[in-house]
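By written order: A, B and C. Residues from 1 in each chain.
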Amino acid sequence: MKLATTLLATAALSLTSISVQAADLTIVSWGGAYSASQNNAYHKPFMAMKSGVNIINDESSNEAVAKLRAMNEAGNVTWDIVDVEGPDSQRLCDEGLAMEIDPAEWLAKAPDGTEAYVDFGPSMINKCFIPQIVFSTTFGYRTDVKEWNGAVPTSLCDIFDTAKFPGKRSLEKRPKKNIEWALLCDGVAKDDLYKVMSKPEGIQQALAKLDTIKKDVIWWSAGAETPQRLADGEAVIGSTYNGRLFSVIEEQKQPVAMLWDWQVFDFDGWIIPAGVKEDKLPLIKEYIQFATDTQRLADQAKYISYGPARASSQPLVGKHADLGIDMAPHMPTNPANQKNYLVNNIEWWADNQDEVEAAFQVWLAK
Amino acid sequence: MSSLPSYASPLQRTWHYTFRIICGLIFFFLVFPILVIIPLSFNAQDFFTFTPEMLALDPAGYSTKHYVDFFTNPDWQKALKNSFMIAPTATLLATVLGTLAAIGLSQPHVPFRSVIMAILISPMIVPLIIAAAGMYFFYSRIGLQGTYWGVVMAHAVLGTPFVIITVTATLVGFDNSLVRAAASMGAGPITTFFKVQMPLILPGVVSGALFAFITSFDEVVVVLFLGSASQKTLPWQMFIGLREQISPTILAVASIMVVLSVVLLTVLELLRRRSERLRGVTPA
Amino acid sequence: MTQLDMPAQAPVLTQDGRPLKASLSRALRREKLRAFVLILPLLAFVLLTFAAPIVDMLLRSVDNSIVPQTLPRTVVALELWDPQTDELPEEPAYAALVEDLREAVAQKMHTRLGSRLNYEQSGFSSLMRKSGRAVETISGSDVKGQLIAADSAWADPQIWRTLKLYSGTTTKGYFLSALDARQTLDGVEMLPEGERIYLMLFGRTLMMSLTITLLCALIGYPVAFLLAQLPMRTSNMLMILVLLPFWTSLLVRTSAWKVLLQQQGVINDMLVWIGLISDGNRLVMMNNATGTIIAMTHILLPFMILPLYSVMKTISPSYMRAARSLGANDWTAFWRIYFPQSVPGIGAGAVLVFILAIGYYITPELVGGTSGIFISNRIAYHISSSLNWGLAAALGALLLIAVLVLFYVYDKVVGIDNVKLG
């Protein structure tokens, strides 16, 4: 096996070394409308500024942790910059798969000279994470369901009311958020949530609540599935990322509306894989500095309804690039949208993910 | 059974037609799902079902916009290009290696023949997910993960069993005395191969190559694991589209691929006839 | 050949004066070598690009080196400890653990170790994370007391038992998990009823594959029979209807079924339109086992029809005619004479369909929902989402064994040389 590996590696090296150039930057992201917004706000202006730099888009963020671990194990890191959600960045940082970065060295100051780490504030959740946006996971529903007799869901707990709001629900095939929502609707107060969840009975309580709608749920694993199901009428209510719902409502003009009640806030941003090639670092740093400055973060909000992670970018958020509508009311951080909300408890989930995930999967398979 | 004798009883008559209807329904089940997507791909709306306008055969209900999208959308075009970059190389590799091995295996004395055969056929038998997972870890280690050659080699190895099977089939009827005759007349092994063996097994080689091509061209599991953005193939793009945003463009792509399979099928059928003629097997 | 052995004292010579026997065996050797040289490139290629990766992955199913590598001192210190007692290990074990953890934290290995041990006992993941944060402040004497103060789990002998149980470089833990069992001090025991999942999934994979195989046989048989009876010209034409789906991309066929089976899809629309069901009661035919079974039966049907047809082609019609002339009616003639002769075809097709079905991934993933997924989908989940690669490898190994057993049966029944395509 050893000999075979060496032989193949030599052969492979001779084949691949020709095709990779120093000016290529492989950036991994989520695909779809999100990648498009990054392309417009970051990639295109960066390539216009630095001629000779070619950005290759990889849409593997969904499997980023698995692939980074395999690359790390193999000692062969082929990605330069990876877009991940906050919790994934925590795991990558904990396992030494992401580089720790010094904000003073890597991030541009705000236009008024405020230090970057102050400007980013609470979004700098760990030493590896370079925040971009605040997004939320929330619900959308169809506005033309005959069986509802004119009623529309106004609270999160209407999801669990199959008598008043019959029809299929589209929920994520993961315990996170579903567990919290189930408990909130089972009478647990917001402040007690993680105390209850830390006990095994708490998870069972949440699963029992989810049991009441299990037969009405279609599960999703990719963020675009819920908007698609809502548009097709395959589901009547579903959770997904708020930007995806914005696109189905405002851009595709489907009969769908937002339900912001108990939206869950999360951060999304960049990490730099540990073990990235040394000679790439200056270019990577230059890109990060450019793409996370105040103006660029505000620019992204022109294409997708996610809030910029910098405080200094907030006032610069304007109108949608094509539709010309004001973006501020569509931001999850808009005061009217956050009467009830949760912030993803990264710490708790990092500690308990494995246990809860296993329990959830067993429940799901039953 | 094939035709009803005139003295058939009413019961036999009823059964005869019932049986034909059952078979007709099964044939319908076989082809309907494939054919139904072709009209749907001309839907003027972004729906996956027949609109009232389409059922009324109103021209306004039909449009080629999904085809236009396929041919202008850079994602699809890149996927198409990648598929056509990967599949032919994989086919070439699989065909050359597979044909040589099939000739070797058809020799009368091959040590450990059945063991070797089992190993060579195994890429067809082992569940794809296991192969994909293994390749994912192993190719990562040797730096082939996410590279063009990594995907090509993986696809080539998946295609080789088909080449072996089809070439072996044409070699079954091959008369080895032809080779000896050529050799006794002074032809070297290479000349013998190209002048005597090659023309006879060519149909098998070509149909094996077509199988290898379609294996690579259709393959999605391995490429999902092994590929990176620069190797995104047509099936990969379709898989993402199916799971995430089902745009009717997928149906346009699917229709084009159905037409492609019809073409391949026709080529194969012609080859089969030619092969039978050459080997003197007359169809019954 | 026999005359060669006979005249032992006067060997037969070839033209160039060598004994014929030697000359023949030399020719045989050369022939073997020639065959081998032709086969070698592909054999090497398959072994390197296909077999080696699979073997390499399967080794992960028993690999446990992360524990002894991350906690070398602790593993040594625990050798003296008797896990059967309810006593906690002594101070040196705690000191060794803290020292190991300090190094692990520096290399960021402690969270990975936590994930690994968490597969065997839940709670390890958070324990390792918390302890990793705590070790920096631990110093001086009474390390035991300080560590227990940081996380009381270290005062639980069960935690230490698990550590000791999984301190070897190899483990059968993943295979046990894959069979819904776990290792305890008293031996192997099954998980409690409520936590079992993989045996059920294996069972479901087998049951659904069996259902699909039966359906394929049931609807493939009449078609193969008809094709074998019809004149060549007609049957060749109809054969195209079988071969077209065979040659059409798997994804094309799966997307077709998705379009057909959706609640707002073609079939439901038609049923509503002709008034069989009301608009509010559309059938749920997708995202469940039904969807998987319908789509996979369609996808695998040609693999049943083709071998059946090739066997039926060889059954001479004269037997049936003879039976009828002896007074048998149509049904008896078919059932007693024709059907038994077609059984090998059913066997060949059934094994082929079954082998292909139990390894399916794409179709269940797209139309199966949660109740229509196979063990393959679970393997993919453990590779790309839960990152429990050892368990994925163990599940893969079990699936592979099942397939290889079937392949062996197939080889005995049909012979791999007799696989025909198209």
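Keep in mind that, in the parts below, contacts are C-beta pairs under 8 Å (C-beta built on N, C-alpha and C of every residue); 3 or more make two chains touch, one makes a residue touch a chain.
Since this is a predicted model, take the numbers as computed values, not measurements.
Compared with chain B, the chain whose C-alpha mean position is the greatest distance off is A. Chains B-C form the pair with the most C-beta pairs in contact. Once the centre of each chain is set as its mean CA position, chain A and chain C turn out to be 33 Å apart. Centre-to-centre spacing of chain A and chain B amounts to 38 Å, using the average Cα coordinate of each chain. For the pair chain B and chain C, the distance between mean C-alpha positions equals 23 Å. Touching of two or more other chains is recorded for residues 47, 52, 55-56, 262, 264, 383 of chain C.
Shared interface positions of chain B, i.e. residues touching 2 or more other chains, are given as 48, 136-138, 243, 246.
With touch defined as above, residues shared between interfaces to two or more other chains in chain A number as follows: 8, 232. Here chain A touches chain B in the complex through residues 5, 8-9, 12-13, 15-16, 19, 26, 31-32, 56-60, 70-71, 73-76, 78, 221-225, 227-228, 232, going by the rule given at the top. Within the complex, the chain A residues that touch chain C are 1, 4, 7-8, 62-63, 65-66, 69, 91, 94-96, 146-147, 168, 173, 218-219, 232-234, 350-355, 357-358, 361-362, 364-365. On chain C, the positions that touch chain A within their shared complex are 47-48, 52, 55-56, 107-109, 111-112, 115, 118-119, 122-123, 125-126, 129-130, 194-197, 200-201, 262-264, 280, 287, 369-370, 381, 383-387.
Taken in their complex, chain C has these residues touching chain B: 28, 31-32, 34-39, 41-43, 45-47, 49-58, 60, 219, 222-223, 225-226, 229-232, 236, 238, 240-245, 247-260, 262, 264-266, 269, 298, 301-302, 313, 330, 355, 358-362, 365-366, 376, 379-380, 383, 389, 392-393, 396, 399-400, 403-404, 407, 411, 416-417, 419-422.
Residues 1-2, 12, 15, 19-20, 22-23, 26-27, 29-31, 33-34, 36-37, 40, 48-50, 97-98, 100-101, 103-105, 107-111, 114, 116-123, 125-131, 133-139, 153-154, 156-157, 160, 162, 164-166, 168-169, 207, 211, 214, 217-218, 220-221, 225, 235, 238-239, 242-243, 246, 250-251, 254, 257-258, 261-262, 264-265, 268-269, 272, 283-284 of chain B are the ones that touch chain C when the two sit in their complex.
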